[in-house]
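Take a look at these structures.
First subunit A sits with subunit B, and in the next complex the same chain sits with subunit C.
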Partner chain A sequence: MSMGMVFALMGAALATALPGVGSAWGVGIAGQAAAGVVSEDPDQFAKVLLLQLLPGTQGIYGLLVTFITLSQIGILGGNPVTDTATGMLYLFACLPIAIVGLISAYHQGRTSVASIGLVAKKPDQFGKAMLFPAMVETYAILALLISILAVTGI
Partner chain B sequence: MAIVEMQKLSICANKKHRKAILETLQSMGIMELSYSNIDEDSGLTKMDTQAARTKYEKRAASFEQALKLLSQYAPSDGDKTGLFYEKPRIARSEIDKAVADRHHYNVEVAEILSAEKSMNECQGVIQKDENAIVSLEPWMNLDIPMNCEGTKDTKCLIGSIPGTLTEAELYAAASKDMPEPAALTASVISALNETTQVVVICMKQDAEKVEDNLRTAGFARPSMPVIGIPSEVAEDYRKEIAEMQKTIDEKKQIIAGYKNERQHFRMMSDYYRSRADKYRLLGTVPQSRNVFFLEGWVPAEKADDIAKLMTDQFGAAVGKEDNGNPEDEPVQLRNNHFAQSAESVLASYGLPQHGRVDPTAIMAVFYVIFFGMMLSDAGYGIVMALATAILLIRKKNMDEGTRRFLRLFFYCGLSTTFWGFMYGGFFGDAIDVIAHTWFGVPSDQTVLKPLWFAPLNNPMRLLIWCMLFGLIHLFTGLGIKGYELLKAHDIVAFISDIVAWYMFLMGLILMLLPSDLFKSISGMTFTFPGWMNSFSRILAIVGALIILVMSGRDRKNWAIRIALGAYDLYGVTSWLSDVLSYSRLLALGLATGVIASVINMMGSMFGSGVGKVIIFIVVFILGHTLNIAINALGAYVHTNRLQYVEFFGKFYDAGGRAFNPFRHKNKYIQVKEEN
Partner chain C sequence: MNDLQYVYAVARIRVKEKSLLTDADVRSMAAMKDEKEILAFLADRGWGNSDPGQTGDEMLAAEDEKTMALMKELKVDPKIFDVLAYPNLYHNLKAAIKETCTTDAPQHLYYAVDGYGEEQMRRIVSEKDWAALPEHMREAAAQAMDVMLTVHDGQRCDVIVDRACLDACEAAGQKSKNRLLREYEESTVAVTDIKIAVRAQKTGKSLAFLKEALAPCRSLDVRLLAAAASKDEASLMDYLEDHGFREAAEALKESPSAFERWCDNRVIDTIMPQKTNSISAGPIVAFYLARQNEIKTVRIILTAKSNGFTEDDIRERVRKMYG
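Presenting the complex of A and B:
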């Protein structure tokens, strides 16, 4: 097995691992806030659950990039990577979603916590409350896009 | 797509019709009453209805409480009042009958609530007894009463000492500084949780000395005095608990016995809620000795009907008032069946003001298209459309807001199906996987071919398309603003704020398309004739010049005016970021498709023969359920965002106040009018 394969697989692994950590973190803190709201007002369950789930998407974006990478580097399909340079290309292609996914998921989680507080006080403002965490996610989406374009372009 | 015109009406009528008029208005649910302040010296007063209002609110609440208890002790299917709750339709005559019998129902509810009260009391006693039993636990081996003081010649000391002691240690501690052998018995009852329960019996003359010794060792009498032998006392407590439990069960039976009265309780709760509302309003109505005044908003087209009804039936004087400040005018939207379903999306951002455009219909079209592009799987779309359609057909009496919401997702489901087939996704690549695994189709052959193209094969191409859709969306927003300016006959603003931007942006885009940069990014080649290139340049320059000169047109100072214009030109960067934002259409679309493929692949990886089929089905159902939930949520959130941030950012500022007519705010039932 070549060094290139090692780098490529490292990229694929990071793309799932880091955003997954971030999402778990974000969904975790949002979940604590959500449970607190439901203990006071069980009717808000559906709304706060949606808000809790918002930071969970980064983990999925990471999975997505990993899957595309694996299907190109000869693990789930495609041709095995033979040279080190190509392997490193895959590694760097995976980095945008890996790094941005981790950090944006955490911050989206914190924004979700604030939005959950908003819904607890003003349940009719759900539409706006949902928007704040969605703004954070924009950057994860941009990172995902660049990772996909880079991986498929190699 | 319109905002309903409103008309302010004032009604003045004889006081004897006061209740009848309010009740008529309440059941029509057509007039929003404004609570006017009255002048000190006008001689008008307001009635104090606080007491009556509180009384009825309490009654409504106690019927509600009774219903809650019934659902707890005699559960039935009709108890759920969640999102898909259908308010039962009850004939007017039946409600009137129930209202006539209301005293009977009040008595029943009082019984239920008193049963609940005694249940709570019993629960309290049980709690207390259980605590007492726990605190007696260490004393269970004691066979004399705990309040035993001793006999004629002896004194009995019962209590606990911190730490774990043996009987010998206890004896030593108690008999310190006393001649051997001391006349006392020391026994340890139990040692639990770092405390030792002890009984020391000594002669009366030694009592003081022994007690002192024990106190030095940390002896303390029990904090809760217990009378009697501990095991017997505990037995008594247990009997009491059993009795209380029996009482609670009896009371539960009593409550459950009213289970057939549910419907009546629902009617009564809503009846008292409406009545409390009526009294709240009554408290704000200005009145003199003989007449009273009402003021409020009605839809303009209904104004004459209401005036006629009030005059004919109650001899009231009705006047049309000047509408005054348009900001006070409440907003009600009127849309066709399709656009209606998206009204709640608009409302949660904020309603438009009077005199502005209601963008619901245009927004609804983009909403459905964009949602479809993000979820973009024919299988998921069919599931969504079917699920919402079944709910809509089966539950006709659902809350109107919920029905509209479901309708919106029905349309989104259809759009998702459309885009799914365009992209070639049906539960991801389920059809291909099944065909390859079980039907021997060679694995390089695609069974379900996309009608358009598969995004993953050429993401760059789809990205360009997404940005084009985004540009159309944004240009539509700018166009709506232009339409509003034209309607206000502000031609200068229309040219300098709208047309100039169209020219500038179109010019820039036409300049970009044939460039090498665009070619290398998209792989598409545009060759324009020479005149087209100079035309696009002129377009961009003229647009930019107009913006530069005209943006700060309300400033006298030319330096500031040009500076403001330059700043506005810089706003082109926000257009760039807005357009890039539509790349989420691609990203989320890819996410659905790829995750769905992962699920199919995992499902088809393991086992063989029948086992393989079973594993595939299980993984398929679980995986796709999860994927549809997460991606539908993502599509919903990001479609909203594209509308709220990108689209509304170009033209829309909310600030309208929702029309909130005086009506029956029923929680449980709806009235079926009979003719």
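Presenting the complex of A and C:
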């Protein structure tokens, strides 16, 4: 296997691993808060479940970038990477979603916890509570777009 | 326990906060015609036990128990509650010393404190087993007991024990990793020092008394406070106004009950920022303190109603609510 292939696979792996770690942390901590609310007020289950799920999207974005990368570098399709420079290009193309996915999932998890607290006290403010963690999502989407454009443009 | 482990507990507390009494609830209770109507209002809000004939004291005791049970269930660091229980612990010490050193029939009320309740404290004091007390209490306990046995000075005994309590609160607050506890203890000690200075000034106590009674803390220069309080009322007011306690001076000018209300409200203000904190033990401790404040406020209203106070009199005495 060429060094280029090693770098390309490293990029694909990071695109799934780092946002996955962030999402697991975010969904986990928001889940603890959601469980706390439901233990006192079971009627809020649907609302807090939605808020809990928000930090989980980064893991999905990372997975998507990994699939696209694998389908281009000869693993699921496309031509195998033979030179180091192309491998490095795939690695760097995967980094936006890998890094931004990790950090945004962490912060979205914390924001979801705060929003779950808001829903706990004022269930009628659910719409506004959804917007706060959704704002963090913007940056994960931007990173996803750049990674997809970069990977498909190589 | 690290802060992140409180996420579940804080979320539960957020739901519980909905059932806290608000300022509007307190105003409504103040306007009610008698104690019975207030008890019915509180029972509708889920206060007390299921007994329809419960008295006010029974209802408040039941609420206190519910709060403590919730705190145990949420597994908050017990060290935090140990510190919050210092005033009750020192109160029990004072009660046991006075009971042991006087021939009067026992009439001191004791608080339920784990390991230092009525029976345990009586035994410790009667056997002078100071080693059984927490380290911060030992010296004050021996000194207060000595004062009671030699000169039978109950007031001096109170000063020694109360000062030791304030010193212990300040030291525990400074050592604590919990920010709320640090700020709460600092605020409590400062407010108590001001209360002592005001009472000492009104009763003409000496500078030596004030120096012994006032506990040093971060937000007050107790030497200046003692000097001002031992001089005259105007000097004390000037000190308060010049050192960030203008509201205390204004409340004092208004009435003694307005000043007492300011003291409690100042402490409640310390916990208010916890309403926006999601990840730490702070909101849980704030909820506990808010419940204590509620119980105290309801007790004031019930006592005032049973003694025929007017609605305006009661409003002047009730505290700010966290809910």
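Convention: the second predicted complex is superposed on the first by the 154 of 154 C-alpha atoms of A that agree within 3 Å, B and C clash if a C-alpha of one lies under 4 Å from a C-alpha of the other, contacts with A are read in each partner's own complex, and residues count from 1 in each chain.
Heads up, the rule we're going with is that contacts are C-beta pairs under 8 Å (C-beta built on N, C-alpha and C of every residue); 3 or more make two chains touch, one makes a residue touch a chain.
Remember, it's a predicted structure, so these values are computed and weren't measured experimentally.
Once the complexes are laid over each other on subunit A, subunit B and subunit C both fit without any clash. Of the two partner chains placed around the shared chain by superposition, subunit C is the only one that A:I116 touches, whereas subunit B remains out of contact.
Using the contact criterion defined above for the overlaid structures, shared-chain residue A:M135 touches subunit B, although it does not reach subunit C. Taking the C-alpha centre of subunit A as the apex, the lines running to the C-alpha centres of subunit B and subunit C meet at 50 degrees, rounded to a multiple of 10.
Within the superposed three-chain model, A:D83 lies out of touch with both subunit B and subunit C [touch as defined at top].
Subunit A has more of its residues touched by B than by the other of subunit B and subunit C. Once the two complexes are overlaid on the shared chain, A:G56 sits against subunit B while remaining clear of subunit C. Taking every C-alpha atom of subunit B against every C-alpha atom of subunit C, the smallest gap after superposition is 8 Å. Subunit A meets subunit C in the complex at residues 29, 32-37, 39-41, 110, 113-114, 116-117, 120-121. The residues of subunit C lying in touch with subunit A in their complex are 4, 7-12, 14-18, 278-279. Note for the complex: subunit B touches subunit A at residues 83, 345, 348-349, 456, 459-460, 463, 580-581, 583-584, 586-588, 590-591, 594-595, 597-598, 601, 630, 633-634, 637-638, 640-641, 644-645.
The touching residues of subunit A, when paired with subunit B in their complex, are 46, 50, 53-54, 56-57, 60-61, 63-64, 67-68, 76, 124-128, 130-131, 134-135, 137-138, 141-142, 144-145, 148-149, 152.
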